[in-house]
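By letter and in written order, the chains are A, B, C and D; residue numbering begins at 1 in each of them.
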Amino acid sequence: MLDKDGIAKRIAKELQDGFYVNLGIGIPTLVANYVPEGMNVTFQSENGMLGMGPFPYEGEQDADVINAGKQTVTMLPGGVYFDSATSFAMIRGEHVDLTVLGAMEVSEKGDIANWKIPGKMVKGMGGAMDLVASAKNIIVAMQHENKAGESKLLPQCTLPLTGIGCVKKIVTELAFLEVTEDGFKLLERAPGVSVDDIKKATLGKLIIEGEIPEMVI
Amino acid sequence: MLDKDGIAKRIAKELQDGFYVNLGIGIPTLVANYVPEGMNVTFQSENGMLGMGPFPYEGEQDADVINAGKQTVTMLPGGVYFDSATSFAMIRGEHVDLTVLGAMEVSEKGDIANWKIPGKMVKGMGGAMDLVASAKNIIVAMQHENKAGESKLLPQCTLPLTGIGCVKKIVTELAFLEVTEDGFKLLERAPGVSVDDIKKATLGKLIIEGEIPEMVI
Amino acid sequence: MKKVYQNAEEATHDITDNMTIILGGFGLCGLPENSIAALVNKGVKGLTCISNNAGVDDFGLGLLLKNHQIKKMIASYVGENAEFERQLLNGELDVELIPQGTLAERCRASAAGIPAFFTPAGFGTEVAIGKETREFDGKMYIMERRFHADFAIVKAWKGDTNGNLIYRAATRNFNLPMAGAGKITIAEVEELVPAGELDPDQIHTPGIFVKRIFQGAKYEKRIEKITVRKREI
Amino acid sequence: MKKVYQNAEEATHDITDNMTIILGGFGLCGLPENSIAALVNKGVKGLTCISNNAGVDDFGLGLLLKNHQIKKMIASYVGENAEFERQLLNGELDVELIPQGTLAERCRASAAGIPAFFTPAGFGTEVAIGKETREFDGKMYIMERRFHADFAIVKAWKGDTNGNLIYRAATRNFNLPMAGAGKITIAEVEELVPAGELDPDQIHTPGIFVKRIFQGAKYEKRIEKITVRKREI
């Protein structure tokens, strides 16, 4: 079973040299820590940064340099600041190569829900709807089940949607899956996790073809 | 009768302090020479300048500093360069206060034709269609008649249109006119020009109410 | 026509009850904090505010919320504000949540004379309800409209007396597309300089989009989430 | 993935016959002249070129025209080129003339993932023929579409190895909205510097929009109309 850093490490293996990547809040943020050595990846923060770096050293935080999660960050050399309209031009225009974000639910058609729980939570979608409607390549990083032990990989989403037919891949603590026309295709098991464990935790249609290899992280 | 500079001088009297103004090629360009003393007017050139100044001194021309007519110009202190999309955002967004341009024909409804003579001239509309479709305040600067002695103030345009119902005022060598719902309203006669001279040269509906004063330039 | 105003009070003097106001900033970053303070002080009510976020409980638009000066909020993310959530759940506040890129583009469209455009954001979700949808090149899009706001209020780092603006770092955010998006745009700046001092190649917002400008009395520039790392020894 | 190319030939190596190319510049100002020279040299034919102007007889796109390499030209103003007019009147060249602001906005839309937008430019004229028109807020507008180009070629003053660009003076023109408007965007620059040398607040085009960059071998920067005044003595 993977911890949060394990999920991030597995996603990091999907990075490619030269990629521009937008990381959502939570587990996705951790992906930045595991960029393979020597690989050039540029992080986009939709509030207006390309080339976002790590948190600043204590005392060096700058109120004018924050990321989309409103955290103080730093800018790497060669980076650039821009405005929100230009930022979403990058996103809608498919110039961002990979988007990694969290989800409350994903359907076997690739629908995603991650912005609203009616009557309970009304935080807003932020940039998530633009990102999922536009990205060529979307990976969801999440727990396989919610806190009540219910599967988050469903035949169809029950919560208000963020976008439809957009999720391409999912990494959970249990598995690495691809969203295909026929449903969730199991690509890899997390270390120490059996195919049966994954079956039990997946409510949507799960496709298991041949031997499922264990992830190498 | 006004010469070209006279037409420009009369138009310059329509300027107001703080105006942003776009001047077309030809007579309109001359308006910049007659901004009233102490009045702050900023000239926009749609290729990407606000605060356009006079031609450079001999030998100081810069290939990177041209106006919309592709002439070498200068930038005044406090000016700003920008891109073409931003430039037409200014224009379409009605941030430009006054547009002065030439015309081949103007109709009594305020239609304007100034970009094409079928079979003869195919230069293109440049920014003129955006300007006339957007400006709150459009003044046409032109000769009252064409080289063949035919009126350019018509019941309706015969040439392909640049825009419809957009011209607000016209200054020619003979007169200063306003385009109203009922036709061309004569506001002022050029020095030494009679109302009859103007009648003869105007094919579109001309409205003459009371005594028509002679222009003061 | 003078563009330079003495302070936030003077620049916002004709903002009255029930107006629609577009406000720049992302979270508390690049926030027109002097103008917001002036609106709080003058007690103008029934406002419709268009801004990416709703501030925090005791800063930014949160101050106007606490005072019940906001009737309707149009934003993309309002998750940092407990009072907001309370007013919303109690029905005291009308809220329209829209995708962040759509918000940015609607502001740009407002400034740029584009009455409507198509975006894929929100297709198939409740955001699309009641809106025209349409296929282009095999993909579905929603038609979104520009705003009609009385005022747009933005914050920049440096400005000149012609209204030209330069932003610093990530404060450019919504301030740039919002400049020009209201009938009247007010810019507050940390430093106001005479026209001619800014490099014409480095100005982010041309002054034509700005009708009023003033130098803010002071900037708290509060940080919403301070995240740091320890220096390795 | 390397962005830096050695020269115009290498950067344009996969531009082939019958492609659609967007080219920056306004008249001869800010023209990607090294890339155009490379296209002339390689003799690629049947091009559809989208550019504000068509160059002059012996410079800019005029060189491609003289060589009969352009099948179709989409532009807003082509009045400085006798050969162009000859080919057009003879039916050797297909030409689509569109308003300058519409051209700029269609380029921006292409880069920004906006498939269509509404503009008032050309309503009631032949530009509107065959296009959807529509009323918004009491005014009539035309729906205009984005382009689908294989390449966009732009010219900047300085660029870095990440593809970030800074333009000088009035050369920003169409180069900025065209950067990112093709499947692949090539930028040629007068000076190429290592990433990190440009101030992140002063970059006009973020490198994400640029897939290839090279330093032009030389820039003639020809002036179309030299207009000067005499110095008063």
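Rule of thumb we're sticking to: a contact is a pair of C-beta atoms (placed from the backbone, for glycine too) under 8 Å apart; a residue touches a chain by one contact, two chains touch by 3 or more.
Everything numeric here is computed off the predicted structure, so don't read it as measured data.
> On the document's contact criterion, could you list the chains that touch subunit A and likewise touch subunit C?
D
> Among all other chains, pick the one whose mean CA position is farthest from the mean CA position of subunit D.
The chain lying farthest from subunit D is A.
> Of the chain pairs B-C and B-D, which one is connected by the greater count of C-beta contacts?
Most contacts of the two pairs: B-D.
> Would you mind pulling out the distance in Å between where the CA atoms of subunit A average out and where those of subunit D do?
That gives a centre separation of 36 Å.
> Just how far, in Å, is the C-alpha centre of subunit B from the one of subunit A?
Here subunit A and subunit B have centroids separated by 55 Å.
> Go ahead and note the Å separation of the Cα centroids belonging to subunit B and subunit D.
Result: the chain centres lie 28 Å from each other.
> Hey, what residues on subunit A touch two or more of the other chains?
In subunit A, 75, 81-82, 88, 91-92, 134 touch at least two other chains.
> Multi-chain contacts in subunit C: which residues touch at least two other chains?
Residues 105, 108, 112-114, 119-120, 167-169, 200-201 of subunit C touch two or more partner chains.
> Quick one: label the inter-chain contact graph as line, ring, star, complete or other.
Graph shape, chains as nodes and touching pairs as edges: none of the named types, so other.
> Check the chains against each other and report every pair that touches.
Chains touch in the following pairs: A-C, A-D, B-C, B-D, C-D.
> Under the stated contact criterion, what part of subunit C meets subunit B in this complex?
Residues 1, 3, 108, 110-114, 160-162, 164, 180, 195-196, 198, 200-201, 203, 206-209.
> If we count contacts the way the header does, which residues on subunit D are in touch with subunit C in the complex?
105, 109, 112-120, 136-137, 139, 141, 145, 148, 166-169, 200-202
> Can you list the residues on subunit D that touch subunit B in the complex?
Its residues touching subunit B are 26-30, 52, 75-80, 85, 88-89, 95, 97-105, 107-108, 119-127, 157, 167-177, 204, 221-231.
> Write out the stretch or stretches of subunit B touching subunit D in their complex.
Result: residues 45-49, 54-66, 68-73, 75, 81-88, 91-92, 111, 122-130, 133-134, 160-165 of subunit B touch subunit D.
> Going by the contact rule at the top, pick out the subunit B residues touching subunit C in the complex.
Interface residues on the subunit B side: 16-18, 20, 40, 42, 44, 50-51, 75, 77-82, 86, 88-96, 134.
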